[in-house]
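Supplied in structure tokens, the structure appears directly below.
Per-chain numbering from 1; labels A, B and C assigned in written order.
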Amino acid sequence: MQHYTMNLTLKVWRQRNNKDAGRFESYPVNNISSEMSFLEMIDVLNEKLITDGGDPIAFDHDCREGICGMCSMVINGRPHGPWEETTTCQLHMRAFKDGDMITIEPFRANAFPVVKDLAVNRGAFDRIIQSGGFISVNTGNAVDGNSLPIDKDMADEAFAAAACIGCGACVAACKNASAMLFLSAKVSHLSLLPQGKPEKKQRVVNMIAQMDKEGFGSCTNTYACEAECPKGISVVNIARLNREYLGASLSGD
Amino acid sequence: MNWSQLFASSIGKKITMALTGLFLIIFLLVHCYVNANVFFSNPEENFNRAAHFMGTNLLIRVTEIGLFLGFILHIVQGYKLELQNRSKRSVKYAVSSGNVTSKWYSRSMALLGTLILLFLIVHLIHFWVPSRFGGLTEVEYDGKTYHNLYGQMQDVFAQSWVVVLYLIGCFSLSWHLLHGIQSAAQTFGWAHKNYMPVIKNVGAAFAIIIPLIFALMPICLHFGLSLDAGSLTLLF
Amino acid sequence: MLDSKIPVGPVHEKWTKYKGTVKLVNPANKRKLEVIVVGTGLAGASAAASLGEMGYKVKAFCFQDSPRRAHSIAAQGGINAAKNYQNDGDSVYRLFYDTIKGGDYRAREGNVHRLAEVSTSIIDQCVAQGVPFAREYGGLLSNRSFGGTQVQRTFYAAGQTGQQLLIGAYQAMERQVALGTVEQFTRHEMIELVIIDGKARGIIARNLETGELERHFGHAVLLCTGGYGNVFYLSTNAMGSNVTAAWKAHKQGAYFANPCFTQIHPTCIPVSGDHQSKLTLMSESLRNDGRIWVPAKQGDNRKPNEIPEEERDYYLERRYPAFGNLVPRDVASRAAKERCDAGYGVGSSKQAVYLDYAAAIQRYGKAEVSKRNLGNISAEAITNLGKEVVKEKYGNLFNMYEKITGENPYEVPMRIYPAVHYTMGGLWVDYELKTTIDGLYALGEANFSEHGANRLGASALMQGLADGYFVIPYTLGNYLADDIRTSNIPTDHPAFVEAENKATERINKLMSIKGKQTVESFHKRLGKIIWDKCGMARNEEGLKQAIAEVRALREEFWSDVRIPGEINEFNPELDKAGRVADFIELGELMCLDALERNESCGGHFREEFQTPDGEALRDDENYMYVAAWENKGVSDWVLHKEELKYEIVKPSQRSYK
């Protein structure tokens, strides 16, 4: 792999807090190595801003290995940037070339209010989980782990859904700011497993009610969420969610 | 959970769209079947007889009320959803991801629906209004009087701008269906990973073939083309 | 001498006896008792959930925007449990023994045995919660091998075991939030401990979104704040992982134990340049199938695939034939460093070794041919079949490697190098996980107790969940049973006011420096000092230099750091400044501890103390103790020792040959 350096112009969304209107500002960044991660490139800019007496760009990040789900950002119109199945922290500067202009915006959705600059509040996701995204089993109640054999394919499918990192890229990508992919991943993870079956009906009904309450839009099946999901969560999960919701509504009391 | 809660929820609203959409698709099939008469031999009489059947059969007339209700529900709910969904992101993106992650027609269902609605209004004025409220010439077959809807078509489609307008309507319909059919399947939860491609392909075929047949009608009438090669087995 | 309060009796009866006789709190009283849990990783989330389920009123704090982001989520390989599902000779005793030996005989027998005992319940609990562990076609749980053991006892969910376990604990905790027993505070950081009449009674937390300071009362405080690996700047820890909560407790009287015991993980992606902000681990499970090698010739610049088999040195297989590539982490890391220092390193930096999957791909390919009865097929087809199998097992790790390095690991051997990963040291706790401050507990990586001088792979997840699900629910009750008459202390109590003032003063001081150098630049410099002089190998001279350098750095930090922005706003630079200030102080203590321990054991390798063939040379005569440091002021510590008594296992020189 050939390494190279590049000079770029960043057009970054700056917003002091949730009450501020926000605007774009442009910053040149020079001598960026193709081996850097995207966030390391922003680190470079921030170090310069601080040294020059400016205000560094606030952004969320933590594990920087693509699993915690904390990093966000919409890069040139794409949540988590141009690479498929990649979080912003795993995006590397090889994806860009010298002279590029990169527009960086926060995840935009009314349900994700901006905290500052590129950092947003995704507490709505926690509240959706609180509304039913669990299996009710107190510590100490469990039987032996092998007492309940689970079809391997089923377990694998549940795992694929459980791989969701709760980053919110699906919401950011959706033209309706819908959280259906996030929701459906959790509903699928739990309802595919026999342990999750007893609470299947209330779970889906309560979680959808909470999603609607939080101010997310509804799903119009454009599947942009699937295309942008850094963990490749499939929209088949949304179909399953729809089916379960309809089933719960028709058979519920 | 009761029914009103179901239909008030975000998924419930989508179910309304899907149900009414599928119902309207059945109407399209019947309409298309009637239209297809013009491509075969003796188009005028066969078409007028078919139109007469559609206009006088009691069952069809009752269903027509349902059809209008279906249209209204689909349109009103569609606009309401669009407005609601638009309100969920007050600050828009400066850069859009464009068509990289989703199809333009999937994102433009409201626009396509509006074009179809405009077309529909013109279409109703051209044919449905005169056949219900008078203004059509009459013809006689086997001693019975029929509206000469075929004649009306010949008059209307003689004008080039009307043909263009109808073609726009058909294209809009095609794209609307291209998204709509598989979307309805997804909403009903029929999208198993093994069947999803089948549903998508069948839906896409439908979305192309039906509007194509519709589009051929004004073209054929405008240019006086006819297959004249046999006839559809008439039910009427 | 410190008293660890390990129950008397045979080691396998200690925990049972403790549970049977421990004091209890009745359900009505539990509702009146408040517990503060700081940190929501495996230990914190599982503790908050379990205590909430029992009826305690819990307040859970995390600095991230959601409890689910805690860095436990990044653990890849798996979690150990003595289930013996594979019928390969595993048992509670063997897990206990492996852990004690793996820790180079610097861990407590009583604690470790308890850990091995509860390990089986953890798996059951997680399965019941819906953690999608890997399964066999028969529907039963699958196991894999891990370093330092000869049985297959590691349960896993692809390369995302930590994520799945954390989400299980997180969901259990969110369920309690919905039920009202747990209150959750996100983007909150504990910055001061409140002590009233010698007991921990609350914390001062900073709301990171608004910068406001908040006072929170608790009958007890649980620190589940993880390790301090970020003292090295470059580590596999998350960017926000910090020692601040533990350090504040330390400065208020909690002893800090074995700070120099840090684990350097052998298989990480090498540093690519000065811009590097963190290091990425490649799961130890990769050593199951991958073979580690360097060229047999020094300074060999050929591409790896051009180096013939006979000119490669599979140095782990050569040096440790019994365990081969699966030796414990400290051993594997040191061996890699030894090769690179001797001039056999690869890649542009020469600070890397190869982790090669070519042999595994062939082996799996051939196995598939016979499994699927394919008969004679081309070599290329066999390779492709092998790649498919490897992809299913390790696909996400291989993808991650490719994203970071731009190289395809299915075709070219991966380059790896050791990196700071875990800290065995931490707050000193007794058998009940209580620190030297009454009412203050430390769970998970934040305490020091179970791993001795080196942790075995897949044991961190086990310990975090053991502490949270199965230990603290019993031991906390033993303390709170005597506290049922203590009503809530109002937060206008002078101790709260004083603690908040202290915090305010410190923040104001940081903001008023208005120097020239960024927080990040200080952190980098600190990391370099500690890595160079208190990293994989240490010596007396280097450690003495390091102490002087860290002290000078502290002075410089407090006179020249530049923090932009305001106090009362979202200001990540200010948050970071507070953390780095604490890391600098901790860095000094680490060097002091390393200097004091005149032996090599586990992750602590003093160059002066090694066997003729370069293995760690312990000194059980003089150093078989836990070094617990009491802080007396700036650069002022007193050492307290907890003697380690081995009743069951007889310490010997660790051998993996």
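As a working rule, contacts are C-beta pairs under 8 Å (C-beta built on N, C-alpha and C of every residue); 3 or more make two chains touch, one makes a residue touch a chain.
Quick caveat, the model's predicted, so the values are computed rather than measured.
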Centroid-based (C-alpha) most distant chain relative to chain A: B
Middle chain, criterion being Cα centroid separation: A
Distance between the centres, which are taken as Cα means, of chain B and chain A, whole angstrom: 38
Mean-CA-position distance for chain C and chain B (Å): 63
Chain centre separation in whole Å, for chain C relative to chain A (CA means): 26
Chain C contact footprint on chain A (complex, rising order): 1, 16-17, 33, 35-37, 39-40, 43-44, 47, 49-51, 53-56, 58, 60-70, 83, 85-86, 90-92, 94, 115-116, 119, 121-123, 125-126, 129-131, 133-146, 148-152, 155-156, 158-159, 162-163, 165-166, 189-190, 193, 195-196
Residue numbers on chain A that touch chain B, as the complex places them: 11, 13, 22, 24, 74, 76-78, 103, 105, 108-111, 173, 175-178, 205, 208-209, 211-212, 215-224, 227-228, 234-236, 238-246, 248-249, 252
Chain A-touching residues of chain B, taken from the complex the two chains share: 1, 3, 5-6, 9-15, 81, 84-98, 100-103, 106-107, 109, 179, 182-183, 185-193, 196
In the complex with chain A, residue positions of chain C that touch it: 46, 49-50, 53, 64-71, 73-74, 83, 85, 121, 123-130, 132-141, 157-158, 160, 162-164, 167, 170-172, 174-175, 177-178, 184, 186, 209, 236, 238-240, 272-273, 275-278, 280-281, 399-400, 403-407, 469-470, 473, 516, 518, 520-521, 562, 564-565, 569-570, 572-573
